[in-house]
Each structure stands twice: as structure tokens, then as C-alpha cells.
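You will see two complexes here that share chain A, one where it goes with chain B and one where it goes with chain C.
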Partner chain A sequence: MSTDVIVTVPSRRNRRWFSPLTLGCVLVTVVLAACALLGPWLNPFDPHTQDLLSPSRPPGDGHLLGTDALGRDILGRLIEGTQAALVGPVVVMVGGSALSITLGLAAGYFGGRVEAVIMRLVDLLYAAPALLVIIIFVGMVGGGYWGAVVMLIVLSAPAGTRMIRSAVLGQRHLPYVEAAESLGMSKPRIMAVHLLPNIMPTVVASALLEFVAALVGLSTLSFLGLGAPIGSPEWGRMLTENREFLELNPWGAIAPAILIVVAALSATVLGDAISSRLSRGKAE
Partner chain B sequence: MTDTSTRQHREVRDGEPAGPDDGVLTVRDLRVTDTAGAEILKGISFDVAPGETVALIGESGSGKSMTAKALMGVLPAGLSASGDCRLGTQPLLRLGDRERRAVSGAMISLLLQDPFTILNPLTTVGTHLAESITAGGSPPGAAIADQVRERLEQVGLGEIEERYPFELSGGMRQRVALAAAIARDPAVLMADEPTTALDATSQRRLLQLLQQSQRARGMSLLLITHDLRVALSMSDRVLVMRHGEIVESGTAAQIGNDPAHSYTAQLLASEVPVRERLVQLRPVPRPALDPAPISDHPSRVSAKSGDLLRVTGLRKAYGGGRRSSVKQALQGVDLVVGEGRSVGIVGGSGSGKTTLARCVLGLVTADAGTIELTSDSEGSIDISDRSALTTTARGAATRAIQCVFQDPYASLNPSHTVGFTLAEAVGQRLRLAGTRGSRAEIADEVEALLDEVQLDLALASRQPGKLSGGQRQRVAIARALAMRPRLLVCDEPVAALDASVQLEILEVFRRTAERGISMLFITHDLAVARQVTQDLVVVCEGEVVERGSTEDVIDAPSHEYTRNLVAAVPTGKRSWLD
Partner chain C sequence: MTMFYWIARRLAAIGATLVVLSFVVFALLYLAPGRPEEVLLGTRPATPETLAAIRAKYHLDEPFLAQYLHWAGDALRLQFGESIQSGQAVTAVIGERLPITIMLAAYAVALVVVVAVPSGLLAGARPGSRFDRAATMVSTFGFGAPAFVIGIVMLYVFGIVLGWFPVYGGGSDDLLDRLHHLTLPALALTVSVAAIVFRQTRAATMSVTHADYMTFASTRGLPRRLVWGRYRLRNSSLPVITSVGAIVAFFLTGAVVVEQVFSLPGIGSQLVGAVNTKDVPVIQALALLMAAFILLINLICDVVYLLVDPRLRKAMVA
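The block that comes next holds the complex of A and B.
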């Protein structure tokens, strides 16, 4: 008989899951999402018009963040580039999660040989330095931005697979799974309907981590000249293009760098908040 | 150790329970509150005199463990304690870290419930004990080694200093923990459910040991337990707690014979006797849903004839890989469950009861032997290896045999509502039968199921997290019944429940049996077996040592092992521990 007094009555403070920090991150995410969805059509600052007579100007004169080497508005280009910067990571997050959920559930639930094969494969991929592999592959074979995205999906799945597998192992031998088995339910149903909802905190955390890794990874590739095509307003691309004019208009390089960091941080904090909120819901 | 002569004489204030006012442990107006201001302990007061045994009893959530944790200064984060609690002259709630270290272990000590987690798995028994003895800082050496040996002998253990916790049984671990708790001769030992995780025979031995050690040292003992019978046979005085308050206190004889508070009376009435089968299980009569009185003649139900399940020569071993030795869980078990009969399987922990249940359920496959299930359409089929069956036969076996597990907190999926869980089970039965029900049909059946286990319909939209233990176990039973099984395998289904809830759930099982569903009822508690089974099979180390009708086996056990089991059932009398 359990005698531990479970302290119910959660205090008001515990119930509130929007700390000021989380709230800030939600705000950032909403603004970025709005830019990504509406930017190409409703951009208040024209990102394409060149003004070759006023290149690399510091902020002022109608340009809030100044202009780039071709005299285009930096802020306008940042907004325009949000979509390009975020679409890739979102695709990696969705694709990578789907892959790691499938592999992690299968490995954790079936065990035995299935687990051995999946986890050795995962170990192998985990050992590969993702960025280096992508640079070599995209650099030699080609495939551009979307080639990099696909490779990131494959190469970021191992971390998620490991996390999800260990979460499944924690649930796998609980009586509710055995109850479902003794009701004669199919294995895919047990995995999807019974195990998956109970490992959601881990799934969310791992998905957001994949997003962040992809955001930074893709920006790095664009910075290195792989990934986003030359001339497109993508953050990593802008960072490398405006780097040479740092003394004329530092904001041209600093602003996209800040955006990358802020977007990555917000995603991390948000993932953390959602995941701990979900696990608290489970505990209650 | 406190010098008893320096103990303060305290004035007993008005309205406080009269007790020995020179108690070595005095607790006055102890309150524990959480950050939101909710009170978990609502100002309790009591004393424990030198050499006295005081039992603190109550159901889960009554605050009895919190009391011990507050006194030891190990409250969970977010909780704070207030009040005037003294051990001799030491103000227990106002000790700094350094003073606390001087008091804990040396003057007051806590023995915890779970023997499987209270010992550090990476240290040997010897290291663990040496650490407890030298917590003051004296250097380890040959003298300590001798002391460790002496301490182990005192708790009836031989030379096991070099062993790791995983090499010991639950009872042995609890003895090591006891040796460590009293290693520095504390004046007060608080034991928080020290035997709850042990089986009946180990429980009796540990309690005997606890009593001996206490008498030998003149130590005070605060025994925290949910088991009224254990409390009555061990203690001088009993404090009954409920919702963070002490509702009654008195000597063990007073409480046992003439309880003043209705709650205490209710607790007493909830204890299931091992010597008789109760006619009416529920302490409070419920509305006449089925007016037919339950006969106390246990074999009344066996109107049908024939065997439903026949287990022959079942063997199962675990381990045997490169790194582990083979453990024989079942060594040739034979068993018959008649149509409409309920068969109890009793035995201590590690006797193979649960493995047997898992084999019958098809969760594990036996190494040898057969499990024959008689079905109306196909005659008798061997279901010991489910993967070798045809899909239809496997479906039939699944529908025929359902289970109820021990832990109602883990056997329901926490992510799904009660309604979803039940609807899924109903849908699964229809699918296995090759049909499909409409949404309305399934909803109707879920409603009927909830009614059958006497749960409010409104609970269907709740998640298990919002239900009590008893309600969860009812849902688990309803889920099993949704498959319309012919055999219900129950693995310790009431072991995790409070006594009063236990009764209600046993009543549900009785009514299930009355509907003609056979049961394989696995339990360590003979009193529970007495109430719901007709036949009893006693297993010990994977073998059946005795079988017969429940009355015969309990009232006139023929095997030594069974006699020990019967003797180990707490009686609530002092003679029990002699």
C-alpha cells in the first residue's frame, strides 16, 4: 500500500505556465511566424529595390537598419528572409520527428533484434559529424538547400530516436501496456494510441531541439555558401554577404545573427515550457 | 543519547490529549502547510514516552508519513512545518543543519518503507552500516568491522558485509536498513510502513525483530502503518489519523475493543477476517440493486460443471543468459479452474504466482507444459504458446481470459479518459468477434459497464489522474469485463488499496463471480482469499505445495509452508508476535 502523501492542491504559481520569459518567447515566435507567412506579400519595407548610389549605409534616412552593398533595405530583407530561414528547419523538425518517433517506438517497444539493428544504425549516424558530411555531400554531389534539408532530417534523427526510445522503455513495462496487450490490440495501435501520448513531453522536447539544430545548421550552410542560393534574402546568406561591410553598416551582419540566436533560443525555451507543462499534466 | 534526568517537565496545556507529559518525544500543534497555504497536517499533538510504542494509523493521504518527515526535517520541497516539537530538550523543527546532523540517527531515526530503494545499490552492506555507525566522524578500522558484525547479528543476519543489496531478499534488506537506523542507538525510532512491501511471513519476523530491538534498548517506537491489526498487536497506544488530524487516541485495548470515533470503528470493520467468509462485505449497506443475499456457503455458485482451464506441468525459467543464472519461476505447476469457480493462488513473494498469471494471460510463453482452454465451439485448445495459434483461436483466447492488475495507478493509460479506455475495449471485443458496433451501441455498453462496477457516469469523461485508487480499480475491472471474459485473472488486485476500499472492490469481484465468470485470484493475503475464492492453491518456489477448498486449506493446513502463511496473518492480538 502506498503511504506517501501525495501533495495535491497545486499552488497558483505552479499552475501558471507562462513565465515572463516564456511569454516573451511566445511573442517572438508569433512575430517570426507572421513574418514567415505574410512577409513576401505584406512587407512594409521593399527588400528588392536597389539603390546603388547609397550602398552599405548605416541606419537612418528611411532605412531602419541601413542598407546592404547594393543599397537594399536590410530590415525589409530580414523580413523577406524569415520564410526561407524557417521553412527548412520546420521541415527538418517534422521529418526528423516522424523518423525518430517511428524508429524510437519500434526499437523501444519491440526490443530484441529490431532494437539492435535500429540502435546500431543510429549509433553509426550519430558518430558522423553532420555538418561536415552535408558540406561534403552537397558540395560534391549537389542538391542545394533541399538536399541539405533531407540530409539534416536523416542526420538529426538519431538523437531524437535515442531520447524517444528511452522514454518508451520507461513506459513499456507499465501495466497499462500489458492491459492493452491482453486485450489483444495490434502492436501499431498500442504504439500509436497508448505509448505515443505518454511520451509526448519527450517528443516535443526532441522536436524543438531538432528545429534549433536545423536552424543553426542551415544558417551555417548558407553562411558557407551552400544551401540558400546566392542573392536570396536568407539570414545566413545575409550574414556572410554583409560581413565584408561590417565597418560601413555593422547592422547588416549583426541583425541576422541576432535573429538566428533569438529564434533558436525562443524555440528552446518554448519547447522546454511545453514539455514540462505536458509532463506536469501527466503527473496530476 | 539524551540524559533522561535532564528532560524537562512540561505543563500540559488545556485541550490537549492527556498523555505522559515527560515524553521523550513531545509534539504540540504540528502543522505542515504547502506554498498555497493548504494544511496537510492541521495541528496534531502527541507524546511518545521512553520505551513506549505508539502506532500512528490512517489511510493513505491521512498525513501519517508527513508527520515523520516533518520531525526528521526531510519534508518535500514546498512544504513547511510549524509547531513545538521536542526530542528531550532539542527543538526538532528549529534545528540548523549542523544540529540536525547531531540529532538525526543519534537521537531520532527513521526507517522507511521500501526495502528495494532505501539501500544504495552501489555500496556493500558493510560499508552502509559502517557509514551509519561512524556518521560522527570516528575513523573506520578493525573496531568498526567488529561493530558492523555485531549489529548484523543483532538483526539476525550472518556474515553478509561483503554483499550488495541486490543479492539480498526484501526482508533481509529491511533488516539491514533497521540495523543502520538503530546503529547509533537513537532514543526514538520512527518506522514508516516498515513491512508494507514485505510478504506476510517476512512481515511477522521483522515486526518481532523490531519489538525485540526496542525492548532490548528501551527505545521509543513510533510505528506508522495502515494495518490496524499490526498496530494493535505491536503498540501500547494507538493514534488514529484522518485528513491531517488525530481523530482518536487511546490504548491498543481501548481502540481495538471499544473505539469511540466512528472513523476508527469503520477502520476496524474494514479489516477482512481470515477465519470466516463474510456474508456482507460492504460495511455500509448499499441500495438493493440485487436483493439476493450472498450465501456464506462458498460452493453455491458452482452450478455449471466441467473445467474451463486446465494447466499441466507448467514450467518457466528466467535469465540463463551469459551474465545471469537461471531462475526457475515455475517448476511443473498443475492447476484446474472449473467453470464458474474462483480459484485463489497464494504464496509469498517470489513463489511464482505472478509468472503463472502471466503465462495464462499469454504475456509470457512457458518453457514447457500446457494450458488448455475449453471453449464451446472448438473444444479444448492449448493456449500456452499464443503465437502458434490461428488468428481466430488467438482472438477467442484473448476474449475468454482477461486480467486485473495490482497497481490501479499504472494499469490505466494516463493519457486517455475512462470513457475512451472502456470504449476501446468494447470495440476491441467486437473486432475480435469479427463485427463492428455503431458509436451509439458502444456508448450504451460503456454506460452499462460503468453501472456494473457502480461508477458514476460522469466519470467517463475524466482521466485516471483525477480518480481515486478504488475508482481506478473499478475502471480496470470494467475494462476486463468489456471483453465478456469467461476467466478473470486478478493479480493482487486489492493489495494497493486502503482497507475500506479493499472491501468495496472485493464486493465487485464477488458479484462478478456470481455472474458465472471464473476467477484465478492471485494474492498474498489469506484473508482476502477467504472472501472471494472457493478453492485455494498454495505455491512455494514454483511448486504447488497444497491445494483444496479455501476453508480446508486455511482452517486445517497440512503443509508446513501453509501453516507459516496462516500464522503470519496479523490477528490484532498481542500473542501474534510471540
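The block that comes next holds the complex of A and C.
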């Protein structure tokens, strides 16, 4: 998963990397990744046992965040749901990045008609309200959670394509590209081996933006009843289900809300940190 | 002359886009699971007679293209048939709910303009200052927090714990009561949209801060109000205007979510309700309405862009 890459970035002596904010975000990412990978097996709080005699209780009685309407432990369900909440956004990040890297490289490198066609398409999709389109299509045609994931990949790629294309345009006429061309290297090789590493900061930045957009988008869909299936401990879904009991145990809805925001913020901050780190490495 | 020619061309392009979109929207009827007459019948009992009546009423026995033309012709006259759920005319059902959404949107737009644009200008004018760092952090927060999360938290804090605002519904038709009910939803909508507008404004302002004309304007002693208004505001508004289209799309999505959070009877919650009950005629009408709205806003932006930037007007005449 992407999160593993983040922790293994060599931490050379650099003030920026040790800024408390970045460090905190790394920590959050590690914890969330651990919950997502191990949560279903090594959950210290039982998320399944129902206790119908103590529904929607506030924190206490061995339940750190209280219980939901069926008397299940909120904290346990949050940990259990980490996987459900993060797997979709990670898939969108990977798929969307693959799509936007391909399209962005092709548009920026080939130019001409290829670029015109790609960018026309991108502009068309860019103005579309992605979530509304998904609400209507997934709601009417079906496809459920994974249908929404596929549509998000397609609808979120335009933003990344734009970013990557303009980064490629900045590199396109630099001597190293022309050198590679004059050596007779194949175009795919130039794009993958020479151009791609040089636009890495942009690629990372756009990938993490895509992750944040997908996290926000998919949890919104779950909130509206169109994403994760009923009963899933996915955070957006949990929030909806516990919303009615806000007065009895606010944590049932507030805690998943906080988790969504914290996950999105960490990804944003890490994206900034990594891409500025990478572009500094280039300059050295 | 060229400008009118240009606008006419844009209008034609918008018309063409609407035609293509309307085709997709019409096809929703066929994309929905089940045969179209069953979809249109909804939960009413399906007897051979009722099915035949529906087929006749919606011209379902004619070829696909003819059906589309019937539907599109009616749509042009703002007739989208009857809601499957309520049996009332779709136009009436939507018209009933439109005012509250328009009011919510106007309220939130006013807040965004008052909050996000000035703070974006200030932050962009002095990047790195304490204000800039604080505002940027707040906007990062707003960027990562989905509208429904902000809505729920506000609802809990201001609605339940403090009890300052009502937590449910749109209130009565009395203006003050309506505003009271709409304040929390409008704030929730504002937080998520303002973050984007702030970032755009800040970036745009930063890009002009060190421009030669700015330095020249202040060195030759122009009053601050002119430097800010005529030079900074006008030049930094260009990139913001370009992104208004995307912001509006974001705004619409936010409105749908916020209406759902606060149980407001607007067209956003109507869309979600219609999707959940597979009320195809209502969805078709709402989808076309929203598409037309977004395209119209984009057109207005293009025209405003021309008005603000004389270089573009000159380029078009040349």
C-alpha cells in the first residue's frame, strides 16, 4: 500500500522532515495503515458482539467511545472499518494515477492531435460534478461501491492529467530529452525512464490529491446511502447510522467524522512534504 | 461584432452539449434495471392493462429515436411527465423545492464572497505572514473535511449542545425563521467551498504581487485603494474566474449533501430521494436542470472574463 512507501522514504537530515506536523502525519498514517492491514484480525476491541441492553451508551463501562444502536463497541467498529474506508480510496489513487500518468505523458510528449483529443476530453470531464454524476449513475444503474470506485477513477483522472501534462511540458524541451531522442531511444522508453522520474513531485502530489478526493467522495456516497453496503463499518456509513443517536452517544457519529478528516489531512500534508522533498532533491 | 459572434458560437456549443447530455439523461430510463414500463410504473400494481397504458403514454412502442424526440420535445416545454412517487407533475414537484435551494445557495455564496475572497487577497499579498499561515491551515482543514462531516459536527455543537440553531428542516415561510434554519447549512456549505476559493484567490494574488506593474504602481505613489482595486484585484481575479465553473460543480455537490444532513426540503435532498426510489422522471429533470445551470454559469464566466480582461477583447478583434 502507498503508506508503506511513505514510511520507508530515507529520512536524511532535513529540517522539513522533522517538522512536528509532518511527523504527526506520518504517525497517523502508520497507525491507520496498521488498522487497515491488521484490524480485522488483531482488534483489541470486539466490534461484533451486540449488547441490546445497552444501546447508544456514552463512553464508559469498558467502551472507550461508547456503543452504537445495537450495543456494539464504537472504537472496535472504527478499527474494523478502517480497511473498508481506505481500500476504495487507495484503489482510486492507484488507478487514477495510472490513468492520468499515461494520458498526461502522452498529451505532453506527443503534442499535436493526440494532445488536442486528450485535453478536449479532460476539459469536458473536468467541469462535471463527479459526485452528482456518480450519485445518478450508481443510484439508477447499479454497481454499488466498486461501481462508484471505477467511476471515481475515470472522473478524477482529468485533474491529475492536467497537472502531469503541464509538468511534462516543462521538461519536454530540456537537453536530456533531446539527448535521449538523438540517441534513438524509443518514445515509450523516453517517457517511462527519463521523463517520469523527473516529474515525480507532480505525480506524488496528484496521487495524494486523488486519494483525498476519493476518501471524501466515497465516504460522502456512503453517507448518502450509495457507497458501502448497509451494516458495513465503513466510516461514512457508520456516521449515517449513528447520526440519529447523536444526542445519546455523539461519539458514534463524531468519531468517524474526525477520522475521515484526520486521514484526509494527513494525506494532504504528507503529499506536500514528499513532493517538496522530491523537488528539493532534484535541485541539489 | 466579433464578440457577439463569439458568444453566439459559445451558445451553439452549449446547445450541442445539452443535446448530447439530454440523450444520456433520456437513456437513463433504459439503463435502469428492469423494463422501462416497469420502471415507470414503480410500486403500482403491474397488470397487463396498466403496463399497456404506460407504454402508450410514454410512446414506448415507437423506435428509440422517436421516443427520445417525444421526450425532448416535452422537456423543451418543461414537461417531464409525472413523478412516479407522488403522481404530481415533475415540474410542480421541483418548483416547490427550488426556492429553498436557491436561498441556501445565495446565503452560502454571500458568505463565501465575504470570507474567502478578502482573506485570499490578504494572505496572497503577504505570503508567509502569520495571517497567511493561519488562513492556509484553516483552508487545508476545510479542503479535507467533507461537507457532511462539517455539517454533522456543526449540527451537534450549535444545534444540540448549544441549542442556538434548529437542527431539522427549512422552517416556515417567514423570512427570519427561514434564515435561522438555513444558517447552519449555509455555514457548512461555506466551509468546504470557501477553502477552494481561498486557495485560488491566494495563489492568483501571489502571482501578481511581485509583478512589475504592482511595484511601479506603488512607487509612483498611487493611493492604496487604486493599487489594490485596479491592479491587484483585477489581475488576480482572472484565474479565479476561470475556475468558477469547477467551483460551481463542487458547490452543487455540497448543496446536495448539506440538504441531506439538515433534512432541508430542497432539490438536493430531492435528487437523493429520487435516486433511492428510482423516480426516473424526477431524476431526468433534475439532471438536465443542473447540467443547464452549470453550462450557463460557464458561459457567464467566459463573458465576465472578456469584460475584465481587455487583452482578450483586443485579441479577438485582431
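One rule holds in what follows: the second predicted complex is superposed on the first by the 268 of 284 C-alpha atoms of A that agree within 3 Å, B and C clash if a C-alpha of one lies under 4 Å from a C-alpha of the other, contacts with A are read in each partner's own complex, and residues count from 1 in each chain.
Rule of thumb we're sticking to: contacts are C-beta pairs under 8 Å (C-beta built on N, C-alpha and C of every residue); 3 or more make two chains touch, one makes a residue touch a chain.
Being a predicted model, the structure only gives us computed values, none of them experimental.
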So, A:N198: does it touch chain B (first), chain C (second), both, or neither?
first
Looking at A:P20 after the superposition, I want to know if it touches chain B, chain C, both of them or none. Which is it: first, second, both, neither?
neither
Could you look at A:L224 and tell me whether it touches chain B, chain C, both or neither (first, second, both, neither)?
second
Would you check which partner chain A:G112 touches, where first means chain B only, second means chain C only, and both and neither mean what they say?
neither
Taking the superposition as given, does A:E181 touch the first partner, chain B, the second, chain C, both, or neither?
first
Along chain A, where are the residues that touch chain C in the complex?
126-132, 135-137, 139-142, 212, 216, 219-220, 223-226, 236, 239, 243, 246-247, 250, 253-254, 257, 260-261, 264-265, 267-269
Seen from chain A, its contact residues with chain B in the complex are 1-7, 9-14, 174-176, 178-185, 193-194, 197-198, 200, 282-284
Chain A-facing residues of chain C, complex:
28, 31-33, 140-141, 143-149, 152-153, 155-156, 160, 245-246, 249-250, 252-253, 256-257, 260, 271-272, 275-276, 278, 280, 283, 287, 290, 294, 298
In the complex formed with chain A, which residues of chain B make contact?
34-36, 38, 40, 60-66, 76, 78-79, 113, 192-193, 196, 224, 226, 361-363, 394-395, 398-399, 401-403, 405-407, 409-416, 424-425, 428, 432, 465-466, 476, 479, 483, 495-498
